[in-house]
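Which chain is which? They are A, B, C, D and E, in the order written, and residues in each are numbered from 1.
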Amino acid sequence: MPINYYIFLSIALFSIGIVGVLTRRNAIIIFMCIELMLNAVNLMFVAFSKMHYKVAVTAGDIATTAGSEGQIFVFFIMVVAAAEVSVGLAIIVMMYRNIHSVDVNFLNRLKH
Amino acid sequence: MQNDLQIVYLIPLLPLIGFLVNGLGRKQLSKSMVSLVGCGTILASFIISVWVFMEVRGGNTHVANYFDFLSVGNLEIPFAFQIDQLSSIFLLIITGVGFLIHVYSASYMQEEKPEHFGRYFSYLNLFVFSMLLLVMGANFVIMFIGWEGVGLCSYLLIGYWFKKTEYNKAANKAFVMNRIGDLAFLIAIFWLISKLGTVSYNEVFSPANLAKLKTADITAITLLLFVGATGKSAQIPLYTWLPDAMAGPTPVSALIHAATMVTAGIYMIARSNLLYSMSPVTMDIVAYTGLATALLAATIALKQNDIKKVLAYSTVSQLGFMFLALGTGAYAAAVFHVMTHAFFKALLFLGSGSVIHALGGEQDIRKMGGLSKKLKITYITFLIGCIAIAGIPPFSGFFSKDAILLSAYTRNPLLYSIALFTALLTAFYMFRLFFITFTGKFRGTTEQEHHLHESPAAMTIPLIILAVLSVIGGFVGIPELFMHGGDKLGEFLSPVIAVHEGHAVTASTEYILMGLSTALVVVMIIFAWSRFRNYRQREETGFGKVLENKWYVDELYEKLIVNPLNKLGDFLNKVFEKSVIDWLVNGVGRVVNYSGRQLRLLQSGQVGNYVLLMVISMVLIFALQFFLRK
Amino acid sequence: MNALIVSALLGVIMMFSSFLLKQKSAVRMVATGGMFLLLLLNILEMNGTVLFHIDTKGMIAFDRFALLFDSIAIASTLLYLLLSARDMEKVGVNYAEYFALIFFILCGITLTSSFKSLLILFLGIEIISIPLYILTGSDKRNLKSNEASLKYFLLGSFSTGLMLMGIALIYGARGSFFISDISDIRVVTEAKPSVLLIAGMLLLLFSMAFKVSAAPFHFWTPDVYDGAPSVFTSFMATIVKAAVFIAFIRLFDEGFGGLQKNWQLLVGIITVATLFVGNITAVFQQSVKRMLAYSSIAQAGFMMLSLYAMNAASKEGLLLYTAAYSLATIGIFAVLIKMNDYTFDGFNGFARQEPLLAATTTIFLLSLAGIPLTGGFISKFYMLKATMEAGNNLWLVIFAVLMAAVSAYYYFRVIQAMYFKEGDARPAEPVSGAFRWTMLLLAVLVILIGVFPDLLLNWFYF
Amino acid sequence: MIPVLLILVPLLTGLATFFIKKESLVRYWALLSSLITLTVSVLGLTLLKEENYLQYKAEWMQTLGSSFSVKLDGMGQLLCLLNAVAYPLILLATWKSSYKRSNNFFALMLLAQAGMMGVFLAMDALLFYFFWELALVPMYFLCSQWGGEKRIAVTFKFFIYTFLGSLLMLIGILYIQSHTVNHSFDIASFYQVNISAKQQQFVFWLFFAAFAIKMPIFPFHTWQPDTYEQAPTATTMVLSGVMVKMGVFGLLRWLLPVVPIASYQWGDVVTSMAIIGMIYASLIAIQQDDLKRLVAYSSIAHIGLMCAAVFAENQSGMQGVMIQMFNHGINIIGLWIVVELIERQFGTRKISELGGLAQKAPAMAILFVIVALANIALPLTNAFPGEFLMFNGIFNSAGTKYAVLFTALAGISIILAAVYTLNMIRKVFYGETNPLTERVLDLRLNEKLALGIIVVIIFWIGIYPQLMLNITDGASASILKKADILPLIRKH
Amino acid sequence: MSITQILFWFLSIVALFSALMVITNKNPVYSVLWLIATFFAISGHYILLNAQFLAIVNIIVYAGAIMVLFLFVIMLMNLNKESEPRKNRWLKLAGAVAGGCLLLVLVAALKDTDIKQQQALVNEGGIGLIKSLGKELFTTYVVPFEISSILFLSAMVGAVVIGKKE
């Protein structure tokens, strides 16, 4: 598959995520959109890893592990994402406990 | 070789000591003590001056170097005195007349409180000191020191009675107007320095250096010096301070504003006559200014009613004559007139002082009259003074004035005729003054009349001495054609003053001129006698009023110079400073504050806006990076 | 390596101590002692005593720069604990956990200061960020704290997304995470470097700028610093920010050094924006705490100069700057925490009540304003020097200097309040003698850095 | 040795003063310290004249290319002497005025002295900058702690203004330093720096900004009258007597020799600014009704003359400036002493509310008149030689076509000076007394002493100025050698 | 048009569509479900790229654990109804436009990279297999792996701090 396709696909997903962050007010949804962004990145990583693998292979090195680092990185991203989710949801819940809303527009005590 | 004249520093030093003693000890010393110190020091320096004069006549002139006053780079200004014919003459005049006036003051100021008495004498000594510096200095800077020094003293003495605001204002006026002249003087000095790199007379007037100077430079320098002179010697346009200066005690007016200080300008120009002779333009300007001043002052004097004011304007007018002499190249004549003028003007002032003293401070001649009976000595001496100034032979005034008129005539008859006319005016207003004051019947209050009395000896003796001098003083400069080997003064001064081409007039013309002037003067006197023999006052009208108000010159200056400056200053102070400069400075602060207040609003507190702003700036930066920077 | 592992262990120890130790004072003792140990070990490592020899496959390298900064960071943290540890009690019940989190953050700091691989950088940043989200929200009943925490979390993870995208693109271009590979010879020679690389670099620039709160990615800073419990604001405004800066400069020096002509202008723009926003906005603040938040942005702007210049002087300067800035700010916050009223007027007449504290605070403020003979001056001076040496960019220097003048404006407002205004501001409860002495020590350190910067810098070289 | 002492003595004593709690003791302590400083500086002038006594260099901040090097040259001698003389006088004159928490007050005063000493002594640009700021900060605290009712705002403006200026100078210093051959802040390498005329242009303004604000030169002067008005008089004396000289000093040591070409090219502009300022300030001074503001504006005029003379760039002007810095310092302190006295006695500085003091307080009147006349440069007072040489310098300055014009315009200001000075004397001391001034007390011993010393100095220098000129001779010559642009022009 | 290409296009469209649904859908619950759909599509891509390990993890961790967690929270807050209030339309628009611009810029920038002719090797190549990845992870990347444990620890502590009742 041409690498460009993957680049564009994941950039598109990434941008969709950003648009989501920009347009929604529900903290949870915003958070989900961020997760979407992360997944877009993951996809790109994997695509690139395969690309570099192909380069190495065509260079004649059959038993290469080139490109695996990309997928390892994806693995780490997932780890971090999981951790973030646990903390993030905790914070959101705490917020909800206090103001009974997850609407970020109510977050305006701090300004100027 | 160690010249005896090295010790001339004593001459100024003694008055300085007198000043310090009287100034510091004015609370402790008794009046008699003070006057002793005051007069003693001056007497001492007078004696030394006489000795010096003898030395100089013996042909021993000397420049006494004491220490480096200012020496920067290749500019060297030593603190040095120059003793030659010119300065020795002035020494005599200053210390001599000065001494007499000191003595006179000792009794004139008796009513003052002790410490003020002391103050007065210390000022007086300080003045003599500065005046001596002025004439003894061997370079222009030392002269300038004395120059400003005498200005200061006149300021202090005019404002001597410092409770009276009027007097203080007069004092300030005198000082400031002098300062204007001084500035010109200073610039002239700088000009000399920039062209010749020196200010010592010997070097400046050395033919080599004079040759170096371009005509333009000379004209500029001489003109600037002359402006300085107009300040000090009360010439147009800077003369208005002198009449106001009469606020000071009368002896002061006699000493400073008649006999000595005001002649400093004459001295300066006579001193630098070599420069002046090289610049005909300046010469003309000097001559015409002098003449104009003489005429103007004379006209004003016609209508003044304050005895001292009349004398003051006559002084201005006489000074005008001297400048006329200078301008026509008759330096010796000018100096001669300085001397004679010192005698008779001092005499007149002191006489008026005696009158004022007798009337308990009355200065308005309309309230006087018929004093001849009570104040005999004053009366006679005053008369002598008037004759002298009017110029009747053989009184001193005649010879000196005649010399001036003659040189004017040689320059051109027009000058002569105006000068002559002025001389006649002089005779007229002087005798007007004389008759109104001494003849007719007394017009003052009765109790004034009661204690009318002749002044004490300490005041009359100086009068007498001065009277004698005004009678015989003229003979030192008596013209050749009266007495062979006359004009002693002229030839005495010849080493320092280039004797200008001798009169191109024949003896006969000279006789005619003299006769003419004398005759007219006599006529004038008689005319005055007929009008003011028994005077009763009436309101001045028309032209008379203009004269009485001194041609409104003071008001003119007020309108043209003082008020605009004040307005400007007020504007700068109230408007420009606050609402332009400071406003700009504070404006920066305000801008910062304002933008701070606006920028805060960007911090809206909304996560959405934050992200939006971040994304937008990301887009911009991407665009900049990828599409704009090619 | 010592610091990394030991700090992690200490973090775990603190976790356990939360239910093993009952007295808060005991917990505090353990934490402070641990921190001291940490400092000791790190200094030992600087002198060549490495306890753990672990092959990181070249992903982490504890070089001179990293170690020196670690020492600075740990030392500052130690002082910070000495001054403010007691005040954490007021925040909430999980006293020990806070220390644990701080140790974990230190662990992350050691990573970010010494990373050689983007993977480590990413992990380090995350290890720093996640505990910070928590600490920000640790005052649970306080809505401001909650709000700050949530804002921080959302924006933070957003920037994480950007960073990951950047790393992905760079990986695409280079096929490696080692920063040494990013700036290998090819880049320098390539007439026009790969667009992927540039785009990735920019995204990294953005996310790092976000972490160091450089405009226009600074928006979270005032709100978060303001909302977070002051004790923790003090910590994240100083040591954490400094650490990220170290990572920043390492990344752009060793990683994108070859591409300097591609990013220098952008960094310049960001620097100017940061200086402007930080200083100008701080002028109009009413609360000292919020003013300090903006001032931290302003100071970040100055530190950005070192990034812009990117030469020897700038690295030394940055170390000095982190030290001077952290110490001064910690000191000010230590006092601020003790006050009832955070507004400027809350300080009126403080000098009458507490001459010593006022004096030390004044020294810190002078240092921040950059008055000579304080650390603040010499570090600012280094920044300007570096920028000047970086070539013809006088405009930037002059702008920075103008902003420094503006900064004097708001710092001196505090001094005015303390000394010249009438009032009787005093700490909420009387402060201990130890506190005073520590403040004094801090002030002395600030002056010392200012007078003899070489004392610190010589460590950098030998 | 000497220079180090000059800095250390006030510095250490100053720091110590913070911890002296006893009100009465503090004054004596401060006086003692200032007297020691005076002795040291006099020693430097008289007994220990050898080079090795007068300079000191120590390693400091090598990594930056800086070093702690201080040296007493002719100009430094004079200004340090001024600084050292001023302090005892000020302390003496204000002996009776009481300050709350006086230990802090005197401590800060001494620290300021140390800072100014450093400025006059520093032979290293960075060191110079350090001391420059160090002199400023204590001033800030002094003015806004013990000043008048508008003190905080006014002082703050003063501080920010000067701080901004000095920061710009810092850039200039950095710029020069980065262009020196050995990347050092040493004054020698600054003098040898070789930068093009174009570069010199803006470096000139960077430096000049700091000095112009400090002096201050029109139109950067607006901080000054307010500050003088608000500051406690002792501080005002230090400010106007010594501190403003830092600006002129800076021009002489750090501007002309470092960027000679630019100084030459901008000479006319700066001179016109200065001279406009002279007339401007004089005109405003005439309008003032507040004694302090009047003196403040007069000082602006005098400083303007110095600035103009500096840019005349010739021996006469240069040495005139140097001795005038000293003399102006002495005179203006004298003026402040009396002003402070009047304010303390009557609680007002309004000239219009005063009058007739001479009757009741002759000593005050006489001494003040002497000082005032010295201030308008009457011959045989100390200011005359200075102003004479400065005017002469301006007139003979080779650098400009407008020398005569400049001299004439500047001259106008000496006339105006006479006007406002005499008017002030007239309105305050002469005339009739009014109910307020009836109960004036004459000088007390300490004030008599202070003014007496000042008057002695006035006449001493006035009659034998050569004493000072000999000191400054070498310094000015060397500066001129550095500032001489003809060889440079040939080079470029 | 080989089968893989068809699959690629299909999955891409699904992913994009469901992603759009995520951000446009009013109801949070639906958004979650759509997001899960997206993840499935992405996992499909992984399989296509023969990155089986990641595909599995993605399904289990993301779609399984994390999304369930989300769902759980949303249920807990019973936001399931159309609870989202109107957001300022202009702001919405601005957001959309900004995001779109970003997309455009990035696409425009990256459309002609130096590697655009490169291929991503699909449905073959063993690096994505659990075996090789595991080897890599526990040899080369063991240190980061351990470090990530610290991350988890801190997250755990954090959760405790935040969550624990007082």
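Definition applied: contacts are C-beta pairs under 8 Å (C-beta built on N, C-alpha and C of every residue); 3 or more make two chains touch, one makes a residue touch a chain.
Bear in mind that the values here come from a model prediction, so they are computed numbers and not experimental data.
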When you check each chain against chain B and chain C, which touch both of them?
A, D, E
Farthest chain from chain E, going by the mean of C-alpha atoms per chain?
B
Ranked by contact pairs, first place goes to A-E
Whole-angstrom distance, CA centroid of chain A to CA centroid of chain D, is 66
Report the inter-centroid distance (CA atoms only) between chain D and chain E in whole Å.
72
Find the geometric centre of each of chain A and chain B from their Cα atoms only, then give the gap between the two centres in Å, rounded to an integer.
99
Which integer distance in Å separates the CA centroid of chain C from that of chain E?
32
Could you pull out the residues of chain B that touch at least 2 other chains?
589, 600, 603, 605, 607-609, 611-612, 615, 618, 622, 626
Residues within chain C bordering two or more other chains:
119, 123, 126, 130, 133-134, 137, 140-141, 151, 154, 158, 169, 172, 195, 199, 222-223, 409
Where in chain A do residues touch at least two different other chains?
3, 7, 17-18, 21-22, 25, 30-31, 48-49, 51, 55, 66-67, 69, 72, 76, 80, 83-84, 87, 91-92, 94, 104-105, 107, 109-111
Which two-chain combinations touch?
A-B, A-C, A-E, B-C, B-D, B-E, C-D, C-E
If we count contacts the way the header does, which residues on chain C are in touch with chain E in the complex?
8, 11-12, 15, 54, 56-57, 59-60, 92-94, 97-98, 100-101, 104-105, 107-108, 111, 119-120, 123, 126-127, 130-131, 133-134, 137-138, 140-141, 169, 172-173, 194-196, 199
Chain A - residues contacting chain C, complex:
3, 7, 10, 14, 17, 21, 27, 30-31, 34, 37-38, 40-41, 44-45, 48-49, 51-52, 55, 66-67, 69-70, 72-73, 76-77, 80, 83-84, 87-88, 91-92, 94-95, 98-99, 104, 107, 109-111
Residues of chain D touching chain C in their complex?
61-64, 129-130, 133-134, 137, 141, 144-145, 151-152, 156, 159-160, 163-164, 167-168, 170-171, 174-175, 177-178, 202
In their complex, what parts of chain D are in touch with chain B?
157, 160-161, 219, 221-223, 280, 283-284, 286-288, 314-316, 319-320, 356, 358-359, 362, 373, 378-380, 384-385, 388-389, 391-392, 395-396, 404, 407-408, 411-412, 414-415, 418-419, 422-423, 426, 429-432, 464-466, 469, 473
Within the complex, which stretch of chain C touches chain A?
119, 122-123, 126, 130, 133-134, 137, 140-141, 143-144, 146-151, 153-154, 157-158, 160-161, 164-165, 167-169, 171-172, 175-177, 222-223, 226-227
